[in-house]
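Two complexes come next, and they have one chain in common, chain A, joined by chain B in the first and chain C in the second.
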Partner chain A sequence: MANQDIVIIGGGPAGIEAAKGIADLGYKAILVEKRDRLGGNPDEQQYAALTPDLRDTEEALEEMIAPLRDNPNIEVKYNTLVTGAEGALGDFTLKAVSMGKEIDIKAGAVIISTGFQHFDPGRETQKYGYYEHDDVLTLTDAEKMLKAHNFVRPSNGEKPKRICFIQCVGSRDRQIGNEYCSKVCCGISSKQAIEVRQQVPDCKVYIFYIDMRMYGYWENEIYWPAQEQHKVNYIKGMATEIVKKGDKLLVKGEDTTLRRPMEVEMDMVILAVGMEPSEGTKQMASIFGIKQNKYNFLETTGGPLDTVSTNVPGVFAAGACTGPADLEDSVSAGGLAAMKAIASVRKAEMATA
Partner chain B sequence: MSKIEKERIIEKESAVVQGIELTADWNRMFEQRVVFDYDTTGLDKVADLAGGESMAWCYQCTQCIPVCPVNTVGGEYGPRKIFRKLQQGMDLFTHDDLWKCTTCANCLRVCPKVVNMIEIMPAVREEAVLDGNVPDELQEAFENTFEYGNPLGESQRKRADWVKDAEVEVPVMKEIKREVDVLWFVECYPAYHHRGKDATTALAKIMNVLGIDYGVLGTEEKCSCDSQRLAGEQGLFEEFAEENIKTFSKYKFNKIMTTDPHALNALKKEYPKFGGEYEVVHYTTMLAPLMEKLDLKNKLNYKVTFHDPCYLGRHNGEYEAPRKILESIPGVELTEMGRCKEQSYCCGGGGGGMWLDGFMADHVQERLSENRVKEAVETGADVLAVCCPYEVSRFEDAVKSTGNEGKLLVKDIAELIREAMG
Partner chain C sequence: MANQDIVIIGGGPAGIEAAKGIADLGYKAILVEKRDRLGGNPDEQQYAALTPDLRDTEEALEEMIAPLRDNPNIEVKYNTLVTGAEGALGDFTLKAVSMGKEIDIKAGAVIISTGFQHFDPGRETQKYGYYEHDDVLTLTDAEKMLKAHNFVRPSNGEKPKRICFIQCVGSRDRQIGNEYCSKVCCGISSKQAIEVRQQVPDCKVYIFYIDMRMYGYWENEIYWPAQEQHKVNYIKGMATEIVKKGDKLLVKGEDTTLRRPMEVEMDMVILAVGMEPSEGTKQMASIFGIKQNKYNFLETTGGPLDTVSTNVPGVFAAGACTGPADLEDSVSAGGLAAMKAIASVRKAEMATA
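And then the complex of A and B:
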């Protein structure tokens, strides 16, 4: 008889939604999480508010996680790292290290939801001086400060008077190797710009961009309010480098609609870093033999028609481990993966019966 | 920082300085090259005004620029460009850019963000007027209006003098002392300007022949002040609106007919804010359905092209009535200009432009009216038909200045009907 339990690797938004869906459908979900808490990047990186609705992250995550607690159909294994896998659809045995002990986890199908990591702006080029200038930050750094309601210049602890965001850092870049658009950074920068304007009303905020990619409702829910109600200034043109000038940062680039060079002083610069596959995603690819695309994200088989199936029968992938994804994408894919995983073990069971 | 890095050399393809055309070698000038700051104080100042909010909404899609009539004639203008200048520290309240907009609403028609220059310009101009920063010519028109009740500076007592020149008896409300169906709001240019009066007397004849029960206010009528309002004189507008509304309240009538689309705009959209709510129609809207009742004996044999007034078309949605009238005149062949109806090109007279021709000459390569007349000539038309009292004089001047005298006549639609009546 085929095993009908589903193991989910990674307890971020996609994994949480998958576990909940499986349990709701009456199957058993085993959620494996390497940390001692659920919530993935939004929790680990201490996001202040979610995009696009600026909802408090803790509150939203709590809403997602609450149905998992004391749920007889869900077992969460914290501090657990999957190290190997054997078997096939209907009969997988996963090797794992859980709380320092080696264990086996048996399941009929596997959902991988190991997510992404933020691009490290010092990784390949130093043009923005992320590791040199205290006041050059990433979206994730800014998120933590906004969450703490302590948005100040790291160099001197003072509230900034002028800040800018630089878009597309680590994305859309052949030299870095990340040719794709990371999809969420335009929205997150705009969301943070709104939060900065709310927390430090005297601070002028500028966003330097190649083109603003505010798809769907993000246009009217974030981009327009940022400009119209919160007076965020969008300047078309990328900043190429940052140099120190006294205690300020001189941001150099070209203002493309004016066709003139710009050299503007800023108190802080926030780099809109994109997404890359997490270490966990790359490890799971190797453990399960899942095909990766040229950017090392997990490759799903159906293009836009099937966003969760992989080349390995019984192994599915959901969320940002398959490519840049926002919260909506991740949650939607989590639900879809739950459905497809259950369908696969049911079919396997019928085949053996 | 060295001077070379800091500044850039600009060389124009052609430049005319004080009437002398300078070749590229001679018109080199220096401009600051590097953008060192985005001082948005100027933008915030506009956006903080009631009515100015939408200035800050521009996302630089640039759709407004090709349709801006001022930009078309080399004015380097349009909402997108104003936004960028404001983002670089321009103070619109004291800048010449404040007075170039004719409030023609062609930008608003195409703007996905609804950046509304029709509200922004009057709001900023009102502040400039209060600070006394107004071009002299415009100030004179304001003062004339304040002193004489009309921007031309004519005596209020002479406002009904045209009645004497009319072929027919024109009922004046305070004389006939009875209720009428239609109160005809004549407005200043139709009452005073010699070419305006040609159309006004023609219209009186048409009204009489049609047996329309109407009356005019004569010397009791005052300027509607819509263009003064759009040019920043909100105070003057309110004062005159209240006076006109008071005069209207003395008489009984079913609806108001205006000769002037600008008056139509004021009475229809602005007077209700001061308690004056009426059914208001433009004269073309009123006459269009009545044309079959007229016995038009004269065949005109004109090829006619029609200029849509901004304040009749884009601002008040009437495109069909003037065309219907023209098509019902025997012998008239109507031909359209490329820019017609919603896309119509502004004559330059709206939003205070009527009183800023000298000022504008320093900022554009040709007048808007000249640009429009050239387009009319290109259609091969004999007659440029109009139905806004600003236009006859503006276009007749432009016909002369563009060397098209004898090729194109400018006539009000009322004059054409009158001509066909024989």
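And then the complex of A and C:
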């Protein structure tokens, strides 16, 4: 008899959606989370508001997580790390360390939703001086300050008068090896630019970009309001270096539209860091033998026709562990993965019946 | 007792994926299609190859559709148009015209996957002379010629020496009222540009664009190969007018990077037409009382947290009927809609039990 339970590894948006779907369909979902809270990056990194509707992140996550509480079909294992796996579709045994103890988790199918991590701008793009200059931040640093309504220069605690965002840090970058576009950074930068203009109305905000990728409705929901209502300045150009000049930052680069070198003084610079596979994603690939693409994200089979199946029968992947994904992508893929995981244990059951 | 069957309206990629998922979970799917074939726009418009992997469309669609054949859980109603609906979650009765006869279709829940239609470039953008000049085509016209391996100038049957694509025709355009970005046209134009270079190696190919939105992996799968291996020329600039000059087309506009007006002669011009809600999508909104957004796409509730639920309990929407969507979006949303539709009829059943 095939085990009909489904284990989901990673409690971010994709994993939450998958667990909810499995439970709604009358199957048992075991959601394994390494932290003591659900919510994934949006929670861990303390996102202030979500794209594209600028909705409060805590409130939105609470709405997602609420149906999991006291749900007889859902067991959440917090502080639990999967360390090994045996078996196959219909009969997996996962080894895990839970609250310091070694445990076994049995399931018929597995959904991996271990997500992404933000690119570390100190790793190879020394040119931006992230670890050298206090006033050079990442999107996640800025998000935390915006959430706390305390958007100030870390160097002196004063409100900034001029800031800029630099797009594509760790994305679309061959030298670093991340040739892909991380999909959401244009939208998140524009969202933060609006929030800065709301919280610090005197602050001028610039965004240096290669292409603004505000696809779908984001165009009208974020991009135009940022420019028209909130007077954010978009400049097509690359910043190549940041140096200290007095108590300011001098951003050097090229304005592509004006076709001339540019040097602008800023109080703060925010690096729009892209997505990379999380450590958990790489570990799960190794534990389950899942093929990875050249960037170490999990590879799904079937190109655009199948966004969640992996090369291992009974093991599915959903959300940003498969590549750059926005919230909508993660939620939709979480649902599809839930469906396919249930379908797989049903087939396994029929084969053994 | 609640009806547990689920009717899916529209047999494109989202509808096919939803039907397959419902059947795999042991529920009955009734797939209603107005044409005599499945496959939606990719089939009807004779797409040659799919983004991003340039896989043959017929082959890919066959792979999607095959599991639906002789499936005891799936009934496909071809040549069938839904004309009315009564009832509510757990007990819908749809009125339809099937093969010329009026029929009733009973179901517990409904998934709408009636998709998009391509923007008609003759409607309001007269400046491009689509209906005036034989050699001005749309992406779908070009796709058909590429599929037939007969990429020639319609005016004289000769192979072109110089062609260009004009991006954002009917998208990101306030005058027309379509402020959204259609998401896939950058990728499809670049894919076609590669195919033209392969089929007509002497032909120079230009793409006039505002921003190249090759998000995620498309950057490395299409955008860089187009430029480096296939020598496609990308020019940031807007084309504002096309006039006839001898047997050529004179494209007038502005090169944003060089900051000067441009006038270039072309043998053929391909308009990258965007997505609009299909007639079927607008009809279903009216029949089921589904909220539409300002562009008449179906509105899903819950912003990014729910990509498929509508304001009508038991009625879900998946794919491009909700807004611009690529194939991955449609497949993922089809799966999520299947899951939520089943969950809804299960809940209705429990409520009546």
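Just so it is clear, the second predicted complex is superposed on the first by the 353 of 353 C-alpha atoms of A that agree within 3 Å, B and C clash if a C-alpha of one lies under 4 Å from a C-alpha of the other, contacts with A are read in each partner's own complex, and residues count from 1 in each chain.
In the analysis below, a contact is a pair of C-beta atoms (placed from the backbone, for glycine too) under 8 Å apart; a residue touches a chain by one contact, two chains touch by 3 or more.
What you see is a predicted model; the values in this text were computed from it and never measured.
Q: Scan A:Gly11 for contacts with chain B and chain C and give back first, second, both or neither.
A: In the superposition, A:Gly11 contacts neither chain B nor chain C.
Q: Is A:Gly90 touching the first partner chain B, the second partner chain C, both, or neither of them?
A: A:Gly90 sits against neither chain B nor chain C.
Q: One more residue to check, A:Asn233. First (chain B), second (chain C), both or neither?
A: first
Q: For A:Thr257, select first, second, both or neither according to whether it touches chain B, chain C, the two together, or no partner.
A: Touch partners of A:Thr257: chain B and chain C.
Q: Is A:Tyr206 touching anything from chain B or chain C once the two structures are fitted on A? First, second, both or neither.
A: First partner only, chain B.
Q: Between chain B and chain C, which one contacts more residues of chain A in the superposed model?
A: The larger set of chain A residues in touch belongs to C.
Q: Following superposition on chain A, which residues of chain A contact chain B and also contact chain C?
A: 212, 224, 236, 257-258
Q: Which bits of chain A are touching chain B when the two form their complex?
A: It is residues 204, 206, 212, 223-224, 227-228, 231, 233-236, 255, 257-258, 260-265 of chain A that touch chain B.
Q: Under the definition above, what is the set of chain B residues touching chain A in their complex?
A: Answer in residue numbers: 8, 33-38, 40, 44, 47, 53, 56-57, 59-60, 84, 87-88, 113.
Q: For the complex, which residues does chain C have touching chain A?
A: 13, 17, 21, 24-26, 50-53, 55, 60, 63-64, 172, 179-181, 183, 211-220, 224, 236, 256-259, 293, 302-308, 323-324, 326-329, 331-340, 342-343, 346-347
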